[in-house]
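Please go over the structures that come below.
In the two assemblies presented below, chain A is common to both, partnered first by chain B and then by chain C.
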Partner chain A sequence: MKRMRCAGLLRDQLLPIRHPSARMFPPHHIRRTPHFTATTTTTTTTNPRPLSTSTRNRNSATTTAPAPVETSNPNPPATTSPEPPQPSSSPPPPQTAPTTLPPCRSPTTSAKLAALHARLSLHPKFPVQTLARALIHPSADPNPLFNNRSLTTLGSALINYYATEWLLCTYPRLPAEVLRAALSAYVGAKALASMGREWGVESAFEPRADVDAGLLQFKRLPPGPEVEASGYKWWQEKGERWTNGVPEEEATASFVTSTFAGVYLHEGVGPVKQFFRQHVLSRKLDIDKLFNFVQPTRELSSLCSREGFEPPIARHISETGRRSIAPVFVVGVYSGLEKIGEGHGGSMNEARIRAAVNALKGWYLYSPAPQVDLPSKTDDDPHAPFRPAVIDVGEVIV
Partner chain B sequence: MQAHDPIHEGISLQTRAGQVTLCPSRNAHSHMASRSRKASSLTISSPILQCLQYRTPPLALLPLPRRIQTAAEGGGTGRYLPPRKIIHARPQKRAPFPIRNPRPFAVNDDPARLNEMYTTLLGRDMGLTDEVKWQAVTHKSFDHGHQPFNEKLAIYGKRVCWLHASLHLLNGPPIEDKRVYEPPNFVSSLDGTPYRKPEPFLHRDYKSLVSIKDRNIRAILDPGKLATIARLVRLDNVMRWKPKDSDNLHESGQALVATQALYAIVGALALQRGGDIAGGVVRERLLSSIDWVLEKTKDMES
Partner chain C sequence: MPVSALQAVSKSRNGVGAFILQCKRMEFNFCDWAGSSKGMRHDRSFLKHSLPQFAKENPQIEIIVAPRPNKIPIIRGVYINGREKVIAVDGLEIQQILQKAQLLRDSSGAKLKRITKPVISLNESVRGMFSPFHGEKHVI
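And now, the complex of A and B:
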């Protein structure tokens, strides 16, 4: 509400500032034409009793209707429900049965949640209740109907699949170790957690009843040196690591992964692929920094032997300051008449090794010039034309 | 002026003054190589083998000649051919006589048996190329990685299987949890007012979301089940690998290598034929029960 008032008074001052609810990307459901019609079926029950929230919430649970949240129409989300529960203003009812939902489980009354929904440009078919469930880590609530464990499992299967196929089709010759490192850099817990921070997700200090439903709820790892927990905790499943809590990074990553699963469930295969492209593949990763060659010259020699190229020969190209304090040598590696790599260094040996590293990177970082089709292209449309990808023979083993 | 040394044995640097060879590196490498080779030959070859080597002509001790096919020879299909310049290839760096392993592990070399395995496993010809068919059943340990191997295909295929197992659970009947969860007692921390117990949000898009758990996915992608499928379609007879102990294949991890080959076949299908065909194979052959493979083996035995 504060946001609206500001927008009314200081509209022109606020315009150039990037608003927290501004779209980070064009909406990934842009191709779908009028989607606002699906959202008009909000809770329409006119209830004479002001505090009987039980029937209202049961209705909203059975209908598919989330609160329509759009940046162009910034309704305060508290007003989307007919009677927002106001535990502080109204005196506690005399009857014993409590009637208000705890704030940590009432997503329709959370302004943070609606803002997050709008910031991510999620389709209105994506209910805020799913987004709220994605924010509850199993360590905050072990009940699988309330926490995000199954959403996280589904989402991690999805994003691992899309990331692997994209890397395999874009850089077919990557060594397996580099492929694993690149996968972890794109969809590992650290990358996902930083993505969640960029989305503006905040964490609750402790999962209590009074925290907002738009905050990430999890049990924090106790401070101090990490102590091995004894046995599974009440929120853990068999096969997990024994811990006394989870770090914030892991909880944030689980939320981001669950959001992918939610997009898949409510919007479909095409939108989740576009969501993945916009949020994961748009991040820049220097894959050539991931290599670590131990014996590059031997590896290059083995590579040329395996591929049937002429054996590599290092030749001195130029130099400067040989007798000075800072000499520079430039050495090229040739296979036959073709120069396959060039490097410079303070000594001839260093330059030769760098040239071999460059030649190897040139081989491993090959990318097909016409972009081949990703295998997931035929997932949603089996009759789509499909150009098969290049299948690499594997890295050189020295 | 032509230098003949490969780069790992030494460096030949051409300058205007002429050819300069970096002596230290060459000496270091060659000394190390020769020393290690001599030591290993002394320790490994037993006196009996040495006796045999002296008494019999060396040709009788040589293993069967490797059929490494090159483009220069031309001929049949099914082998990996390096992309270009194969004519100028020098031979692989190999000793004429394998000292450490005089009897290499025999693997399948017959394309007919390989195709039979693929037909049994996939049900029909899926249109994989011959090179990829060989690559998907070749482990990294075979031939010291000189032949195309299936490591990355297996990484990808495992993720394809994992995704389709999740979707299989999502679209199937829900698997309810037997554990009963006590709803937490939500109490306001301001004045101690109790809150109402929240009800779970249900949505028709959720389908069987409750049944998606790591444990359930592991149960339908059980390594033992996949190894059984691989054994029944005789994948372990056609795969190319090098066991740690040729006399004890089980301890050498035959089941694991066969499972990896199975995953690699799925990955190769996805990369060459598209995701939906691979998904269909995963659903029909790996996620369902193994009755189909038992029927096939009955037919093959009778």
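And now, the complex of A and C:
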């Protein structure tokens, strides 16, 4: 009796399960909404340009945005009216196009994009369409009318200029190598990518026609061993290796750079300088930690002879525990009667070298006490009062 | 050998220049049937009366409203640092739910930890470490 009951229970449980080969209905995911199936077939089989199917959204973007970057027109007959093309007047879309797209695909209805716009405190003059375009890396859509390549070019020129002029005016005696390192620390790809992450930009897994407009779209590198950095030859444009895919860092950096370009185009010169100050120059960088001296004592003596100072002399200032396990010596470097640097160390020699480094940093990190005017101050008004920066003779050649 | 340089990356100081709100997404989940979702739903509905105002005040946050049938209502905050925080709001009134939403909005997303030092700074101390070799000599 008991056995029978168990068998009955088992039979009941087994009833709804069928063998896969005897399945009467197709799997449920095939019978979902039509746009889903259309999209999958599109992107996997026939469509050469994954994002080019979203013509409707592009049309609305080109017409609503007053941006100069958006003026070029991919489909002249369709873009004349702000409304989506009527099925009666325009030819039916090709078979490969997805029939419907999720509303978040359009920049104007994407919640992520609106949130990103508000999070960056962008002016309403900055349209979300430009922000959406800044999120499309050329590896996702090679058409230059729809990717952020032109914006990136403009933006990188802007931020490199503003960073260079600020560094040169604030630290006029910075050696060239250190200046370059400071530039890359402020506006290099790594810094820009971390800025993009701190802006809360999310990446799409794959560039597709139905991806949310607020996601960063780029083609990911295939898994495998790390690709060497020089994936392209010196005569190639940077974009020519994008066929393989790019690391996320590069795509995020391109979005951040393009955002600067968008602020410049839509809001103007003043706002982009303010945006740069707020997002780049507000970051923390210890420039004195970037120096790597090889022969500081030699460098200091050639500096003194070049500048006509008296030759540097290291003098012992104080010490403790000379015969203990942890001695400390304090040494000062003097040029004549003036102490130009001081250092401490576990041995006399270490303290002397530290003192020389201290003196050299004091020279190289000179900063004019009242901040001088940046050259870009005259961008808006050519007759603005302008106090020029100090121009130094350059670093010491040892 | 002239001076060479070390590579570094500048660190962000949120709020020194621009301020980025750390909460980037909030999900409001509720059940249509269960009584614990009453404050969220229809009669004393948070979703109907408070949420539109909340969303308007905080445009930086992407807001998602989704059903979560047969479970207690929750608010989930997703943060820029990649973490998320969830608060269960079962049986709460409309005002209490709003307070929980504000709590999630103002959070940084970091794990809660006890702060014992009065100052946390990226900068070195201005005064520096004590040095017995400087200042006035102490005479015994």
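By definition in this document, the second predicted complex is superposed on the first by the 276 of 398 C-alpha atoms of A that agree within 3 Å, B and C clash if a C-alpha of one lies under 4 Å from a C-alpha of the other, contacts with A are read in each partner's own complex, and residues count from 1 in each chain.
Please note the rule applied: contacts are C-beta pairs under 8 Å (C-beta built on N, C-alpha and C of every residue); 3 or more make two chains touch, one makes a residue touch a chain.
In this text the structure is predicted, and so the values were computed from the model without any measurement.
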Partner chain(s) touched by A:Ile397 [first = chain B, second = chain C, both, neither]: both
Partner chain(s) touched by A:Leu158 [first = chain B, second = chain C, both, neither]: first
Partner chain(s) touched by A:Arg105 [first = chain B, second = chain C, both, neither]: first
Chain B versus chain C as contact partner of A:Ser376, first or second or both or neither: first
Which superposed partner A:Arg277 touches (first chain B, second chain C, both, neither): second
Partner chain(s) touched by A:Gly346 [first = chain B, second = chain C, both, neither]: neither
Touched partner set for A:Asn292, first chain B, second chain C, both or neither: second
Partner, of chain C and chain B, that touches more residues belonging to chain A: B
Touching partner for A:Arg315 - first (chain B), second (chain C), both, neither: first
Partner chain in contact with A:Ala114 - chain B first, chain C second, else both or neither: second
Chain B/chain C common contact set on chain A: 180, 295, 395-397
Contacting residues of chain C [partner chain A, same complex]: 1-14, 16-18, 20-21, 24-25, 59-64, 80, 122-123, 131-133
Complex contact set, residues of chain B against chain A: 3, 5-8, 11-15, 20, 22, 25, 70, 80, 82-90, 92-93, 132, 135, 140, 144-149, 151-153, 155-156, 159-160, 162-163, 165-166, 170, 177, 181, 183-184, 186-191, 193-196, 198-207, 209-215, 217-218, 268, 270-279
Residue numbers on chain A that touch chain C, as the complex places them: 111-112, 114-115, 118-121, 175, 177-178, 180-182, 184-186, 188, 190-191, 194-195, 197-200, 214, 275, 277-286, 289-295, 299, 317-318, 320, 328, 330, 344, 360, 364, 395-398
Residues on chain A engaged by chain B in the complex (per definition of touch): 53-54, 57-58, 61-62, 64, 87-88, 92, 97-102, 104-107, 127, 129-130, 133, 141-146, 149-151, 153-154, 157-158, 160-161, 164-165, 168-169, 174, 176, 179-180, 208-210, 237-239, 265-266, 295, 297-298, 300-302, 304-316, 331, 333, 336, 348-349, 352, 356, 373, 375-379, 382, 384, 386, 388-389, 391-397
